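Below are the structure tokens for one structure; questions will follow.
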Amino acid sequence: MIAEHAIILVVVLPLLVAPLCVLLGRGTLAWGAATLAVWSSFGLALHLLGRVLEEGVLRYQLGGWAPPVGIEYRLDLAGALVMTIVTAIGAVVLPYSFASVRREIDEHRHAWFYACLLLCFAGLLGITVTGDAFNLFVSLEISSLATYVLVSIGRDRRALTAAFRYLLLGTVGATFYLIGVGFLYQMTGTLNMEDMARILTEARPDGLGPVHSTKTVRAALAFLTVGTFLKIALFPLHVWLPNVYAYAPSVVSAFLSATATKVAILVLLRVFYTVDGKATPFDALPIADTMVPLAIVGALVASFVAIYQRDVKRLLAYSSIAQVGYMAIGIGLATQAGLAASLLHMINHAIMKGTLFLAVGCIVYRVGQTRLEGLRGVGREMPLTSTALVLGGLSLIGVPLTAGFVSKWALLQAVLADSHWIVAALILLSSLLSILYVGQVIHVLLLRKRPPGAAPIQEAPLWMVLPTLVLAIGNLWFGIASDQAAEVSRQAAEFLIREVAP
Amino acid sequence: MGVAIDIILLLFLLSIAFAACVTRNLFSAAMLFGIFSLISATLFVVLDAVDVAMTEAAVGTGVSTILILITLASTGYRVSPRPAGRQVLALAVSVVLGATMVYGTLDMPSLGSPDAPVHTHPIAQYYTEVSPVEMGIPNMVTPLLASYRGYDTLGETAVVFTAGIGVLALIGRRRRKDPLPIVEEFREGGANRHRVLRVISKQLIPPILLYACYVQAHGDFGPGGGFQAGVIFASGLMLFMLLFGVEHARRIIRPVVLEKLIALGLLIYGGVGLVNILQGGAFLDYRTLAHDPQHGLHYGILTIELGVGITVAAVITTIIYSFASHLRDHVMQRTLRLRQGADAAQTSPESGA
Amino acid sequence: MYAATALLLLLAMGMTLVRALRGPTVFDRILAVNMFGTSTVLMVSVVSFMHHVTDMTDIALIYALLSFTGTIAVLRFVEIDHERREMERAEQEREVLP
Amino acid sequence: MGWLLEWMSVEVALLAALVSPLAGAALVVALGPNPNARDGSSLVAGVVTFLCVLRIAMALQAGEPVAMELWEPTPGLLFALEVEPLGLLFALVASLLWPITTLYAIGYMRAHHEEHQTRFFAFFAITISAVLALAFSANLASLFVCYEAITLATFPLVTHSNDRTAWRAGRVYLGILMGTSVGLLLFGVLGVHALAGTTRFTPGGVLAGPLADGNVSKATLGVLLGLFVFGAAKAAVMPFHRWLPNAMVAPTPVSALLHAVAVVKAGVFTILKVVVYIFGLDLVRELHAHTLLLYVAGFTVVAASVIAMHKDNLKERLAYSTIGQLSYIVLGALLVAPESVQGAGLHIAAHAAGKITLFFGAGALLVTAHKKYVSELDGIGRQMPITMACFAIGSLSIIGLPPTGGMWSKLLLIEGAYHAGHGPVVVALLISSLLSVVYLLSIPVRAFLRPAPTAQTGEHPHHGPAPWTCRIAMVLTAGLSVWLFLFPDFLYDLVVRMTEPTP
Amino acid sequence: MEFLGYINYWVFIVLMMSGFYLFLSARNLVKKIIGLNLFQTSVFIYYISTGKLRDGSVPIQTEGIESYSNPLPHVLILTAIVVGVASTALGLSLILRIKDDYGSIEEDEIDAQDVLS
């Protein structure tokens, strides 16, 4: 029975444990319930990934109603991949959160915090698995609203403005998405993605060519794309991101940076391939011509700005914008290799950003702040944390034998396969910039001396260090034995592209 | 005739939107927004969307406007002038947006055209022709909301739940050991000076609550359902709060109870789905609930509507309580500060300068 | 017949709208909004009879209830704001006096 | 002794050559608390590694193909090993000198009372593993990965002393090596892959096809060649040479093995490999860019020698000498005459044997007599005769005089330059050799012929000879230089096979 | 009549533009929220317009009525309204907290304080 319903349980379990957390009321109990829910989701996600690899697309009719009438859950390989990333990061973050949350969030808010974390988690998973364009909007809003709360629940007042700005832009993005879906609905009469894709290729009732060539559908695509760009934080729509990641509680920064943008990218893929796939959006709109330059400029500008940041979390946030740029480049190429590289980078970026933010969280736990000046020499006294930080940093730069290298390599290859020499050179330039900003952090943490008279610092508690190290080792593991991840992302890309082929 | 009403209402909307853009006074902007919602709700009635009209009226004119007003009461109505450069930029972006949309409308089917894909797609017929027979429920929106797209509604309930938790987490009153010192005039709170208003309005509260129950139960046959009922229920409680003060209202339904109710509603909804799975059906397949599938559907829809109603009523009440408490604390602190200042000024005249 | 009623109602709504837009005092606006709500209740009822769908009267009822509650709420918050301004004025006077 | 090695299959030997240094590193860490066992295990690992490389050499001599594919994380990034003559030569040199250096390091580190010796030996071993993997890489992609691994593994060695200068040097080191490799070398690797569809080292090169098909212009290929020459900054072609003198803050065994043999040779090795197996000699000859690059390398040769003359610090003088000598090899590669390429290959071995001897000498002076500067060395030969004698032999080898192996490689280089018609290069080579006579031979001359500064200061009048392990190591390497003079045939065969690919 | 068939869409576009303009140009946070709500409400009007069927009736089954408007957009907008009010409530409570912590709800004054800290 569980196998049959796994696809829905993976989303619904955390969704329903969230109110349970509130009923339980106490922070520790809520934490326990949340951890159990997330871990079982992780197990189910692995199970689903295996099945998708074996059997192809999985389907589930919610309420027992056949698709265009009811909502359908439809899990393809790309979805399963992102789902696995999200649940894996969740499974690592939750044990970590116990100590960190106690330090950073007021006691009476703990149960609410875990409830919101679960809702955000469930919303993100819902996006990965849904086959219905409107249901995607609902899931998006669940995760977004929960995110706004998560960001602002800490004690830093700057998180409030960050969350507010995120709320405004996020709502605009979601509304754009809604407009796009509305246009598509008007031209197709359905909300099911596959049904939409089918009708888009049909001839119009008035006999004027296929539906996808109408101006309405083009406008719809434009709205969907811009709305999703906002969620992805693609340059120049990234303004909300740095402060959100910088001032949110550590656990939230780690979780969001590793998952939220990835899921948003999946939404983009859904728009481009699953919904509009057969109409090949890249022909209808100048997407590649705008997306690749925006992405590359974004990667450069963000890397450059990151160098001048004096706050570690802000620095990492800007680097996230740059990394999102890489993924967007891969998608903008509109080739299978590019798409596969993007998906692979998605996995790897989740691991490395997760590592880095968790490691920074360990430091925050002991030091209480993230300004670079205040962290001089801290790494020397926290050897395990700084090991994780260094590994994550190397991966971010893209040093061989780390995860970051493999995906950057794949991306560069995809770029060069289309002879975009300048793009490749610019990607390398932004990698060079990443050496500078990562080097700066490592330099301050490890090489500078603690100011005289500073109180000695201990290593963070075991339950925080252990998850951090697990992810850090993931960086190495996916750098050395990355063939499986690469194979899965290649297959996922192939599947998405094959959907395009008529 | 419908078209004429439609157009006049749209003209009203346009004038309000322009006024809202131009006005410098936040209070009038908020009031205009209220009217805007009211008119659009009327427009929804003209466009046959009665359920939406009910919700928009309850939410737009009711909840949103009042929340904005409470916020304004504690933040003030002052607005600093906007720099011109920013206005030009905003205008440019809006025009680009509008141009894209106009471009999009060029190929749209005209309003109400029966040839539009929205109406020719088989699912449209399914919802209007098969569904009443299959479900035995005259209001086509209700089964669509609660069963065909019941999962969306679960998500919607989760969103409401999140909002409730979020507001609690942000401005919910801390369970502090030392509560704020209470200024005596505020202890009673509410409109205690207006005796007549109090007496008259008090009589209105039970009908409102009763009416909420009617809307909850009658959703199968007419406009209404859990969400609308929840909002109406909450507005009844809000009336009570306005008349007798938030402290009193908090004693009637304790915030802790509300918090648990928020969770309970969502759990009821999800629980139905899990029971369906245990019964061997798909998630939210109510037909498994009874031997006769139609009965099962009715049970299921009633139960989840109840869940929605509970969560929504609890969340809206919680939100309004939290906002009102926040405002009250704000006013009280201010008064205390001023009093202390006044005392200090009286005792030592030099310090005032 | 219904059409004529509807048109006249729309006229009334338009007039109240002008008041709501022009103000000039807060109480003008509040009154206009309240008035507008009442017209809307009537409007919905008229539309309901035009369509022969009696269920719409439920909506009219809700509008009426909310309009009442809303007006009280608005007045209450205006009152609070008024009190605050009084206090501020008192504060300023005290600062000016010494 | 062939029978001794026969029982091991070639594949096993290949893997074992890479794994045994790593295993050695693990052992070193595990045995850290017990210095004797730790250092012993390090030595044993070195010997085992060398034997494995020998086994591979025997297989190659016998004409067996030695290749294996490890894994392919993403398409185009294939980790594969394939042994060819040049790689074998490099691996032989590195693996032979590793146990010797270890022997030396044991004495040096203990006499110098260095801290963190466990860490030192562990990273040393990891570096060697990466170097061997680089030497055996079957394609540019895996070569690049190894190249970066070497940079990272040596970083802790450069910053070993953990003081301000060390960290500053570390920063320059990492900055230049990482920056050039990511910015230029990686771009070159990807460019090759994009143009040729493969990065496999193929006799005759892989880029001639795309050029013939008109997919790429000569100018682009010239730029590509430039990316490699400057991108492999470990070769220290000016202007990317500054990391090498900086890296001299590391303990002397590091300078000796890594910054005279393994790391810097990884750079020139990369360039040689690229010229021979990616571009192909014929193709490079057609590119106008190669002349330009040739003059850059030639300038480096002369300039480095001039700078070396002005350095009083012994290790820095040797560092600049290394820069010059490395550019000899780059020159040899870029001259693209068969003789010069052979000479370049041979010079990898000859320079390694010579320069390591010199560094051993410098280290012995530092640890025994606490002398860092050339000007302090007057008359020291009488107290440390073995050290200074070996130093003299090493100097001869670098200069290219008999009875040392350096003579053959220089001869081949000059011959190649002459055949290729590059007169100025011949002149540059000769000038540089003359200069090296001045800056290198002057040292043993001072040590033996000048009188000691007779107890003016009275510091360390009788410090005695260097530690015995150091002396053994020095004698071994000096002997190696001489042996290369007497029996160059084995290596010569190898380099010839490189330029005349077996069908 | 063809022109009238599009007027809903175009008016909705103008409404949406004004809402978006208010959202972008305002620096007062509450005003931004009001603009956002106008923007969203206009989108709701658009959705409901798509479901309208000429001569169709309220989608509640009644004797003697054959054609009904499509109820699907109604359901979608019910959900969207709820989502809208949820984010409005969250936004406003954030504003209250910002007012508490910064003492202002004007964007540039808050930014100025953030830069200083």
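The chains carry the letters A, B, C, D and E, assigned in the order they are written, with residues numbered from 1 in each.
The rule is simple: contacts are C-beta pairs under 8 Å (C-beta built on N, C-alpha and C of every residue); 3 or more make two chains touch, one makes a residue touch a chain.
The structure presented is a predicted model; accordingly, all values stated were derived computationally and were not measured.
Q: To reach chain C from chain A by way of touching chains, what is the minimum number of steps?
A: Step count on the best path from chain A to chain C: 2.
Q: Which chains lie in contact with each of chain A and chain D?
A: Both-contact set = empty.
Q: Can you give the shortest number of steps from chain D to chain E, where adjacent chains in the path must touch?
A: Minimum number of steps from chain D to chain E: 2.
Q: Please flag the chain sitting at the greatest distance from chain B, going by CA centroids.
A: The chain farthest from chain B, judged by C-alpha centres, is D.
Q: Quick one: name the chains whose C-beta contact count is the highest of any pair.
A: Going pair by pair, the biggest contact count turns up for B-E.
Q: Find the most central chain, measuring centrality by the gap between its CA centroid and the centroid of all protein CA atoms shown.
A: Answer by centroid distance: A.
Q: From the C-alpha centre of chain A to that of chain B, how far is it in Å?
A: Each chain reduced to its C-alpha mean, chain A and chain B end up 31 Å apart.
Q: From the mean C-alpha coordinate of chain A to that of chain E, what's the distance rounded to whole Å?
A: Each chain's C-alpha centroid was found; their separation is 27 Å.
Q: Taking each chain's centre as the mean position of its Cα atoms, how many Å separate chain B from chain E?
A: That gives a centre separation of 13 Å.
Q: In angstrom, rounded to a whole number, how far apart do the mean CA points of chain C and chain E lie?
A: Between these chains, centre-to-centre, one finds 20 Å.
Q: Could you pull out the residues of chain A that touch at least 2 other chains?
A: 134, 138, 141, 145, 148-149, 152, 179, 185-186
Q: Of all residues in chain C, which are in touch with two or more distinct other chains?
A: Residues 53, 55-56 of chain C touch two or more partner chains.
Q: Which chain E residues sit where two or more other chains touch them?
A: Residues 20, 33, 50, 57-58, 60, 62, 72-73, 76, 79, 83, 86-87, 90, 94-95, 97 of chain E touch two or more partner chains.
Q: Run through the chains and report each pair that touches.
A: A-B, A-D, A-E, B-C, B-E, C-E
Q: Chain E touches which residues of chain A in the complex?
A: 134, 137-138, 141, 144-145, 148-149, 152, 157-158, 160-161, 163-164, 167-168, 171-172, 174-175, 178-179, 182, 185-186, 191
Q: Across the complex, what residues on chain B touch chain C?
A: Contact set of chain B toward chain C: 1-2, 4-5, 8-9, 12, 15-16, 19, 27-28, 31-32, 34-35, 38-39, 41-42, 45-46, 50, 53-54, 57-58, 61-62, 65-66, 69-70, 72-73, 76-77, 190-191, 197, 201, 204, 208, 211, 215, 218, 221-224, 228, 232, 235, 238-239, 242-243, 327, 331, 334-335, 338, 341-342, 345, 349, 352-353.
Q: Which stretch or stretches of chain E touch chain C in the complex?
A: Touching chain C: residues 57-58, 60, 62 of chain E.
Q: Please give the residue numbers of chain A that touch chain D in the complex, ascending.
A: On the chain A side, the touching residues are 337, 340-341, 344, 394, 397-401, 405-407, 409-410, 412-413, 416-417, 419, 421, 424-425, 428-429, 431-432, 435, 439, 443, 447, 479-483, 486, 490.
Q: In their complex, what parts of chain E are in touch with chain B?
A: Result: residues 2, 4-11, 13-22, 24-28, 30-31, 33-35, 37-38, 41, 44-45, 48-62, 67-79, 81-90, 92-97, 99-100, 105-106, 108 of chain E touch chain B.
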